[in-house]
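The following pair of complexes shares a single chain, chain A, combined with chain B in the former and chain C in the latter.
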Partner chain A sequence: MHSDPNVAKRQHWMGVLARAAQQLQPYADALKDAQYSHIRHPEIGMTLVRGRIGGTGEAFNLGEMSVTRCVVRLEDGRIGFSYVSGRDKQHAELAALADAHLQGSQQQHWLRELIEPLAAQQQAGKAAQAAETATTQVEFFTLVRGED
Partner chain B sequence: MYVAVKGGERAIDNAHALLAKKRRGATDIPELTVDQVREQMPFAVSRVMSEGSLYDPQLAALAIKQAAGDLMEAIFLLRAYRTTLPRFASSMPIDTSAMQLSRRISATFKDLPGGQLLGPTYDYTHRLLDFALLAEGEQPGPEIDPQAAIEKCPRVLDFLVDEGLMSRDGDSSAAVPDITREPLEFPANRAQRLQALARGDEGFLLALSYSTQRGYGRNHPFAGEIRIGELEVWIEPEELDFAVPLGDIEVTECEMVNQFIGGKGIEAQFTRGYGLAFGYAERKAMGMALVDRALRAEEFGEEVQGPAQQEEFVLAHCDNVEAAGFVSHLKLPHYVDFQSELELIRKLRAQPGSQQEQTP
Partner chain C sequence: MVQAHSSEWLQAAFSDPVLDAQLSFRTALKALAEPGLVQTMDRALELDSLQPATYALCLSFLDGDTPLWLAPRFDTPMIRANLAFHCGCPIVAEREMALFGLLDESELLDLSDFDNGSERYPDQSCTLLVQLSSLDNGPQLRWRGPGIKDVQAVELPVPAGFWAQRKARSNFPRGLDVFFAAGEHVMGLPRSTHVLHNNHEEAA
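Moving on to the complex of A and B:
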């Protein structure tokens, strides 16, 4: 996360939007209810995913992942970007529109109506998954070996 | 050498139509959907993504359906598709310490912060066929305490590093080599080797790692830590002056603790091997980590005794798309080549007293 709180906030919502995929569909009409143009039409490509040797060492290339990106401009000049995993052009366009809306005077509205509910859903999903995993935590007991 | 041939279009078209029919199977049985493959064959999807070198569960599932379950064919399909896409960027190195864990085990420490989390695993199953699966049914999973959470799980090998019993793999800001853009030359460095192994065939890596355990280049391994889970991938796009998260991917990581080195002024310390794969791919990550360690033989001044320690042998043969391609090419017309050999062998046999001369 960026040290500038405004940038960090934007990184947070871009992360929520990137993860949202189909969850953005119900907001499509609201997000498109504005004059906008494409600076970059939704485009499918890849990102080369890098790992680190030993988890924390030197970087190496693990493999690619599919990514879709899009850039839109609202009538008032605000520019929204999206880079989202997968190949869903609709998702990329809606995420870029949301990014643009979130930079304007209606930021509080979009945070409340869009980002917070999506973030809550995603958080709940993660918590549920963690709870499932937690059921498999084991306590192994070492048996005395007949050596002595 | 094979030769070009012409004709056969109708037969080829028909053969492909017949393949499509074979893939579909009996039509009184419902057709498999790509979503079903993605959701219900996650291990096959993981393997195809890793070795196909493209993280995209939907496309991997499509490839598996199209290949009628032939995973190597599916890997080939995904690799081929991958070459049609532009690369927007390279990611920032992923942080496997920050994984949302679905499994985390260590064979080196029984009690460790965060504990052992088995997650969904075939370990401890009896490998008996479950005839209940012949019928369709719900799989409700275990009873869950919704408040239960996972404690923080620090990296297991860090305990050894902190005690000075193992070195940390260094972080250099050197350019990251990419074997898909610059052809591999030998000797390779560890980053190149790991990229090749990450795309490498699971069966090949498994067999090589097994060979080290059987004595062809022993390295005395312990599974220090295996973690499986989801993590966020970030990139730094050219047009923005800050990093952006793309979404989550699932990965499997294996850190091996291996036999120690020391002497000549170096205090005795453990060595390490590293494996990382897309999706839930434990066997692949373990095989990769063992082979990574085996390939470090020269670095540690060990005698190279087994195939798993021979860099060129391992890296030149671990890619199953290349291997399958070169073996498959034997099916192409070799009529001219073979005719000349046929003539030669007939000539040899036609010579008087040839049997004595030819028999050693």
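Moving on to the complex of A and C:
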């Protein structure tokens, strides 16, 4: 996360919005309840995923993934950006709208109504998945697992 | 509150990015293929002091691989922000580094620093995009060369010094290709075109 708290906050909500996908649908009417125009219509493209995977930590080209991006502008000039994985243009547009709303005077409202519930849902989903996976863990009591 | 960034300057560009960029690019090719003929290029809106045709040329030519030199008149936060956003082109301060130059008529008297390519790669020369107030009502000249059947009469309102500068930078196959834009119209002037001045005609 960025050292500037404002930037870190925005990184957090953009991450939540990017992971939200279908979860954003129930908020579609509220998000679109504003005059807005597209600076960049939702468009699908590819991006290269790189990671420090090699033994010496150098970047490795893992592969390509599809990404959808969108930029909208609200009537008062606020601009919202989104980059989301996959090919869902609706998702990208809603995420960009949410980003624009979150930069305005209603920020607390949107954080409370949109980001916190979504983050909680995502957290719960992640925990459920981890719990489900944990049930398949096999304990080998006679073998050293390298933990000590 | 998140502070305002350069994003406050952003405007929409082409309404249909793919189709409009292809149409504009096709029109630009046609302008170079038929030097001296006025082509209509109206797919973009104006941006700050950039007129529609000039902006459409920028949007269809520029990308991350094309360093651009901006004339001081066009070097505004709004133009910089929108070119960075929609084209992603690096903006360079040295003319020698530029693959494209965005000029107004006051910059036409010194073209000496723009790259006119090499013998081996003449295609890597700098292409000049020149915004004029109009494409006619200048001194009458006649153009001759590839793409022109006989002679093409042209009345571009550019200073006489420009033609001398262009000639000084021409050494075929090296040279500068120029697009003149005004309003929603474009005219191409490739390096292969010979310009005949009425008083003292040059051998074509």
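The working rule: the second predicted complex is superposed on the first by the 136 of 148 C-alpha atoms of A that agree within 3 Å, B and C clash if a C-alpha of one lies under 4 Å from a C-alpha of the other, contacts with A are read in each partner's own complex, and residues count from 1 in each chain.
Criterion: contacts are C-beta pairs under 8 Å (C-beta built on N, C-alpha and C of every residue); 3 or more make two chains touch, one makes a residue touch a chain.
Quick caveat: nothing in here was measured; it's all calculated off a predicted structure.
Engineer: Should the pairing of chain B and chain C on chain A count as a clash or a fit in the superposition?
Structural biologist: Once both complexes are aligned on chain A, chain B and chain C fit side by side.
Engineer: Quick check on the superposed pair: does A:77 touch chain B, chain C, both, or neither? Answer first, second, both or neither.
Structural biologist: Touch status of A:77: second partner only.
Engineer: Once the structures are superposed on A, label A:32 by its partner contacts, choosing first (chain B), second (chain C), both or neither.
Structural biologist: Neither partner.
Engineer: Decide which partner touches more residues of chain A, taking chain B and chain C as the two options.
Structural biologist: Of chain B and chain C, more residues of chain A lie in contact with B.
Engineer: According to the stated criteria, A:107 is in contact with first (chain B), second (chain C), both, or neither; which is it?
Structural biologist: The answer is second: A:107 touches chain C but not chain B.
Engineer: Contact-wise, after the overlay, does A:140 reach chain B, chain C, both or neither (first, second, both, neither)?
Structural biologist: In the superposed model, A:140 contacts chain B only, not chain C.
Engineer: A:41 in the overlay: touching chain B, chain C, both, or neither? Say first, second, both or neither.
Structural biologist: After superposing on A, A:41 lies in contact with chain C but is clear of chain B.
Engineer: According to the stated criteria, A:56 is in contact with first (chain B), second (chain C), both, or neither; which is it?
Structural biologist: In the superposition, A:56 touches chain B alone.
Engineer: Tell me, in angstrom, the smallest C-alpha to C-alpha distance between chain B and chain C in the overlaid model?
Structural biologist: Minimum over all C-alpha pairs: 6 Å.
Engineer: Touching chain B in one complex and chain C in the other: list those residues of chain A.
Structural biologist: On chain A, the residues that contact chain B in one structure and chain C in the other are 7, 10, 43, 71, 81.
Engineer: For chain A, which residues count as touching chain C in their complex?
Structural biologist: For this pair, the touching residues of chain A are 6-7, 9-10, 37-41, 43, 71, 73, 77, 79, 81, 103, 105, 107.
Engineer: Which bits of chain A are touching chain B when the two form their complex?
Structural biologist: 2, 7, 10-11, 14-15, 18-19, 43-67, 69, 71, 81, 83-87, 126-140, 142
Engineer: Provide the residue numbers of chain C that touch chain A in the complex, in ascending order.
Structural biologist: 1-3, 7-8, 10-12, 17, 85-86
Engineer: Going by the contact rule at the top, pick out the chain B residues touching chain A in the complex.
Structural biologist: 49-50, 53-56, 58-59, 82, 85-94, 96-97, 100-103, 110, 115-120, 141-150, 155, 157, 168-172, 174, 176-180, 190-192, 194-195, 198-199, 232-233, 235, 237, 239-240, 242-249, 251, 253, 255, 272, 274, 276-278
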